[in-house]
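Order as written gives the chain letters A, B and C; numbering starts at 1 within each chain.
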């Protein structure tokens, strides 16, 4: 079910982003938007597993990291970027399959811890194997085009949103939500919960891997282990919760807020945006589990009801 | 080899006492406190601060205990206490999330206040070691093990000899039935949480004497949770031995493969044990 | 006296009790009978404070119980033996009994009360160091009741005591209930075992699908056609 209103709106927004580089020449803004697309990709893909399937993963940094690593290695090894990206995504999905499936086997309440532990393993292992920074050789630097990064990032972000939207609105999506709300009941109804959880995990990790690949493509030089840092796990959790768990727009809004806050405060107080987000996060978990999206839903309900009352 | 074993045991004791705090909270109220490590780091900063005032780190333990107790009580009241009404599965998930938020808060507040630099408390006896049977036994490590054992004994006496302690045990076995006995569960949860943070005062000082930075908390939590799962959820007394086990395993791996792979091996052992003994080394059923 | 006045109880959005009223005067044994799923356990748990009524009032000796936590209700004078006994499995018999005397007023008298409980249930004295989880079904039920008695309250709620017990044990337990009542303790008992319950109770209420559909003196109810059909399986000729 694709609502025509949504399609129009989305195409408009996408179109805006497409023509943006032609209207605005600021490199700073373009880099910022690349980060935004990255955050959206990460959050949206995480949300498929966390918000819709109800499996909160604290280990997505491992998928992000390996996507970045493989993409980088492939691309620097002369493989065209689109294939390298795909490779990164596949690597992430493979990792998810090997590592994530045993985690899913645990009682669902322990899944977050299992993924957390595994992402820490990944971080330390990669830190040991690749302690040095990877830099691009001069030919890559000379040919570095920000706009190609921009469009690729945009493409991946749009792809992620579309894929998640499709899955969520399909029968699979219904199964996932059923599992999230009451796994026992879903099982009793004949839903093969384990299979669906794996599906969500694989799709989610693949898309996150793509995001990692974008990061690797975008950075000129960076320490390979930084993409495995836990902060990349926390980011999607934080932004999705605040934006609205289990909604399509939620991760996007959350990412926007996060980026905005971090830019506003970066010059003055450094890490304070995380502080604010952390605090808001706790408030949301306690009092507003639906995140910011639920607020807009109330106002929508409010205004629509008021409208009805007045004119009908 | 003997020397590495010594270090393994000393580290293991540290892991064990960290894990005990985590296990206590989980056993009593089925909450997972991701921020336990961050509280430890907070205590370390506290101890550092007191050290600059001239107070020896080991002497600061009682003060840090009180501080952490209060911090725990306040934060629990403000956040976790609202979770008590939720059903079992949601409780674990939401407690993780809230403690996750707390961890971010504490870590970043610490970074803001004290900067991201690594610190360490360096009293005059820092490097002091005893010689025994040709092995070098670091004073600080030994003190740590001793204090850990003392603390565990006190905890044991508390849980088995005092009425309140026994009520904590009752609550951990069936909190609804406990409430029917006239036990105030919310208060019990609050105090148990605060006690678990008091247990964190020893790791605080020990880690303070090693090296710490504002975001190091999660790594220590990680060690703790691995030990808890190794020992088997629902078992407080197996936690300390499980910690020693991890410490010794790590030490052996350092001996065989060298230092860089110490962390990895520890975690690999964890995964192996989880696959072979899903209930942990000493555990019974994993309670939902 | 316990008064339940026009309470509704919901589980989330699902309503399970409608406009339930009943009372238990001091010294009475009052029973609540009804088939499975009628809401009996919900009702007794609400009285104990484990659920909150969405409307209506529950009061004991004039004090409102509605929004009190279970532990406060214990302090106000009402003890409950929960369905399924809910003993502390890893504690000993003695440990469980001691927990029963946790609240402030019961603690100083603990030893005296223990003595009394052991008189009622001699088997518990023999097994005092055994872990509660290792007891037989009948012994566990006795321990559960004994534990509730340790609180020295004058009002006892009994939820499905006879579940899982052999007929002989059931008879035993009901005799003990009468004994406890004679010692001055009011009892509200929720039960599926209708014949035994009505023999022992003074009055009874009938709960069906969340509504009170009848009440009366227990002996009289035993004789009514409705009860005989619905709960005793006796077909009218």
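Methods note: contacts are C-beta pairs under 8 Å (C-beta built on N, C-alpha and C of every residue); 3 or more make two chains touch, one makes a residue touch a chain.
On a predicted model such as this, the values are computed, not experimentally measured, just so you know.
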| item | value |
| --- | --- |
| Per-chain Cα centre nearest the global Cα centre, belonging to chain | B |
| Chain-chain pair with the highest tally of contacting C-beta pairs | A-B |
| Of all other chains, the one whose Cα centre sits farthest from subunit B | C |
| Distance from the mean Cα position of subunit C to that of subunit B, given in whole angstrom | 42 |
| Separation of mean Cα positions, subunit C and subunit A [Å, integer] | 54 |
| Distance between the centres, which are taken as Cα means, of subunit B and subunit A, whole angstrom | 32 |
| Sites on subunit A touched by subunit B in the complex | 56, 58, 102, 107-110, 112-113, 116-117, 120-121, 124-125, 128, 230, 234, 237-238, 241, 269-272, 274-275, 277-279, 281-282, 285-286 |
| Complex contact set, residues of subunit B against subunit A | 32, 79, 82, 88-89, 92-94, 96-98, 100-105, 108-109, 111-112, 218-219, 222, 225-226, 229, 260-261, 263-264, 267-268, 270-271, 274-275, 286, 288 |
| Complex contacts: residues of subunit C adjacent to subunit B | 48-50, 69-71, 74-75, 79-80, 82, 86-91, 95, 98-100, 102-104, 106-107, 147-148, 151 |
| Complex interface listing, subunit B residues touching subunit C | 163, 166-167, 169-170, 173-174, 176-186 |
